[in-house]
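The following blocks contain the structures, represented as structure tokens.
In what follows, chain A forms one complex with chain B and a second complex with chain C.
Moving on to the complex of A and B:
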């Protein structure tokens, strides 16, 4: 179940005040996730062939509905990752996929589409970040989850990153829940 | 402040000046080595402390940098638990008492409190600037930024106790103290041994000098042992001793010679004294002689005059004519009656003889008077000579008598001449009981004074000459005899010199009379003074004498 779905259902059944609160919580959650996605780029090293040339931007792709709107765009606009400017691209469906370094697969993308995009980018140096349960063991490099203390945690499939030639910083690993392929 | 320092320095200088030379040398050695050591130790210690502090800063900074680098992910992903786990690794470094990580907003993200600390220290880390600083309470504080990919994520603060540094410092201080004390002891030991080279000869010199001053033995010499300044000092000291010894020797000689010379001189002086005594005795005799001659001479004049008169009288005597008349009578002895009655010459003979008899009678009377005066004068002269003899032989022979009678006696001697020159005599006597006095001296004095007054009055032309003699009581035990005349007076210039021996205004004078009068009055314990208002104003001579009555006199046997 996607967050947006949750949000929609919640919005439908809840009182306006609760709906507002829920809404604020969701906004905050996505703000955190946006920051996390940006921060992942710091602790993961892409192989050289991941970029066409020196001038190529660091592309963050988003597959599925992005409930955070232009937040990510705003966050990354003025920043750089490893001296590369950052470009945010939105893909409505796996077939729209274009080369990128991080691909955020939102909760609105169904399992079929997830599999499709995983297969599509197989072996490519692309960090797939998901927010769907068990996605980490089914092709995603990093997957968000709700921790017990109501913070947002993330799990890392080290094997997956290895297959995609992505080097992950130990400091990041320390913070993550390590998972493997199923 | 300056004056205080100066005072302190003066006090130190005073203290230093009182110490013995050994003390000074020891103090010098110990002070210089102590100061040197202290400076060296301080330099080493301060250098060490600096190095230790620097290394502490470096270590803590390095640690902080590692922690900052490791905590970026935790900050990025808001995993404060992970950050605290990271900080927990500080347990391996027990001196770190506290550490914390602040996020970009200055909010506390993670912290570490060492087991030894009960609670976190009161630190406002958020406001602190980056870098390191040593706090007043003995801690090192390092604050570092946490940066990832050019973004500042927050900062990390480490707070480490410097107790070990303080302990180190204490240890150093103890070591320095021990080193200095030991070094000073060693320095003192060495200086005790070494300073003898300097102090021993000086002390020996001092001891020698002291011995010389107490024993007065200048024959001592100090043996020269070195060629330095002290050697020179010894040499000069010996030279000085030699000079002193030599000087003392010549002083002794001079003293011995002086004694002999003094003895010689004493003998000479005794001889001279004898001579002087002899001379004085002779002079005294001469004075006596002068006195006698003077007094006798005065009367001799009268004697001379009387003798001349007698001779003149005798030369012009009627006896010659009488003899011629008697020869005529003898020629006519046979016809004497006829011759007397009939001869022209004979008729005149009888009246002539009668006249001659009268003349001879008068001549005899005259000569008798003259011879009487002559006899009187001779008697006076005899008395004078006798008086002088008594004066020269028996000094201070006194008699108890009435002053009035004595003065009258003296006046009596001059009475005839006073009468002769028409000098009026006035006497005024106070009632004075009998006194004990040297009669001869007083008579001598009064004769002189009366004679002077008489002569002064004789020279005065015109006016009524008056001689006044007063006997007055002066106080309880003094009397005064005043001889006053209104004669020619005394010139002002002569007043002072009048009692001086040899001074005279008379043609035939000796300048002796008044001089001897003053002497005699002085010998009698009195005083002679004079007064005159000037020439032709008369003169007054005053004899002041103590009254000695028979009761008060201790009669001195001759």
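Moving on to the complex of A and C:
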């Protein structure tokens, strides 16, 4: 009987997938955020005047130190959003800002710089995405947050999106936590 | 003969699955200090064949992984050592795969929190033995229960009586 027990234990140990798949269930946070940003472009509609012409690329800007390095640029360069090629630009400071459709303000940007970029792009059709607490209530359209179940959630300030003439898909709103201005 | 039949596949399994040597130990009847009846014998044979099939499938998966690993390395995204031992289904999704995930899938995706942000939820209990009276301890390695006194040879002179 002990032989059978030993074999059962061996069979359990010999399955390399068991323990490893649990580790693989948890993926890197930055990859999820990159995928979110890419998906936001599919669920939000920009006005026509957001682009100079038909050939203009879809520009994703990153303000601050990008935690995901060049990952975003590498993975999106071969893709298109609404038939437009994608260009990723990095801005070290608000004064470096150039026109873009999505601006990801990383967690390394301080509150003053956040306010500065919000004022600088006021009224422009730019989707500002942040990852700092309360940023959606202070000018960002979408803000990431850590949910209690170890997932990445996002909050949407619909008023901010309206002010920037951005139309958001109902499916996105359904998954988001809706917030208002402070 | 029995050992040869069962250790052969086990050794093959060892090199294919690259796991610890527990399978040869279990599948060879000579290494277990108990006689193995015919039921267990057939059980071992069946299990060994099954594991060999799994190993063969994993070899196929490893071949695919090696190919994708070369591709990643070429693009400057060298994979970590050890990734090539994973089956295709267990591999972490590549960056491109994440982009193909729907927003609902992303919302349900669990992420790894950095160690700086992780909250400490438990601590190990540690007790200091400094200043503790030796008489309070147990001495199981000597086969002596806690009788409240030390064995004679370790006891202080005044305790030896």
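Throughout what follows, the second predicted complex is superposed on the first by the 155 of 182 C-alpha atoms of A that agree within 3 Å, B and C clash if a C-alpha of one lies under 4 Å from a C-alpha of the other, contacts with A are read in each partner's own complex, and residues count from 1 in each chain.
Criterion: a residue touches a chain if its C-beta (ideal position, glycine included) is under 8 Å from a C-beta of that chain, and two chains touch if they have at least 3 such contacts.
Being a predicted model, the structure only gives us computed values, none of them experimental.
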First (chain B), second (chain C), both or neither touched by A:87: neither
Partner chain in contact with A:133 - chain B first, chain C second, else both or neither: neither
Which partner, chain B or chain C, touches more chain A residues: C
Contacts of A:43 with chain B and chain C, given as first, second, both or neither: both
Partner chain in contact with A:124 - chain B first, chain C second, else both or neither: neither
Touched partner set for A:31, first chain B, second chain C, both or neither: second
Contacts of A:158 with chain B and chain C, given as first, second, both or neither: neither
Touched partner set for A:76, first chain B, second chain C, both or neither: second
Partner chain(s) touched by A:113 [first = chain B, second = chain C, both, neither]: neither
Those residues of chain A which chain B touches in one complex and chain C touches in the other: 32, 35-36, 39, 43, 79, 151, 171-172, 175
Chain C-touching residues of chain A, taken from the complex the two chains share: 2-4, 6-7, 9-11, 13-14, 16-17, 20-21, 24-29, 31-32, 34-36, 38-39, 43, 71, 74-76, 79, 146, 149-153, 171-172, 175
Complex contact set, residues of chain C against chain A: 13, 17, 19-20, 22-23, 25-27, 32, 34, 36, 40, 43-44, 47, 51, 75, 77, 85-87, 89-93, 95-96, 98-99, 101-104, 106-114, 117
Residues on chain B engaged by chain A in the complex (per definition of touch): 70, 72-74, 76-79, 82, 148-149, 151
Contact footprint of chain B on chain A as seen in their complex: 32, 35-36, 39, 42-43, 79, 81-82, 151, 154, 169, 171-172, 174-175
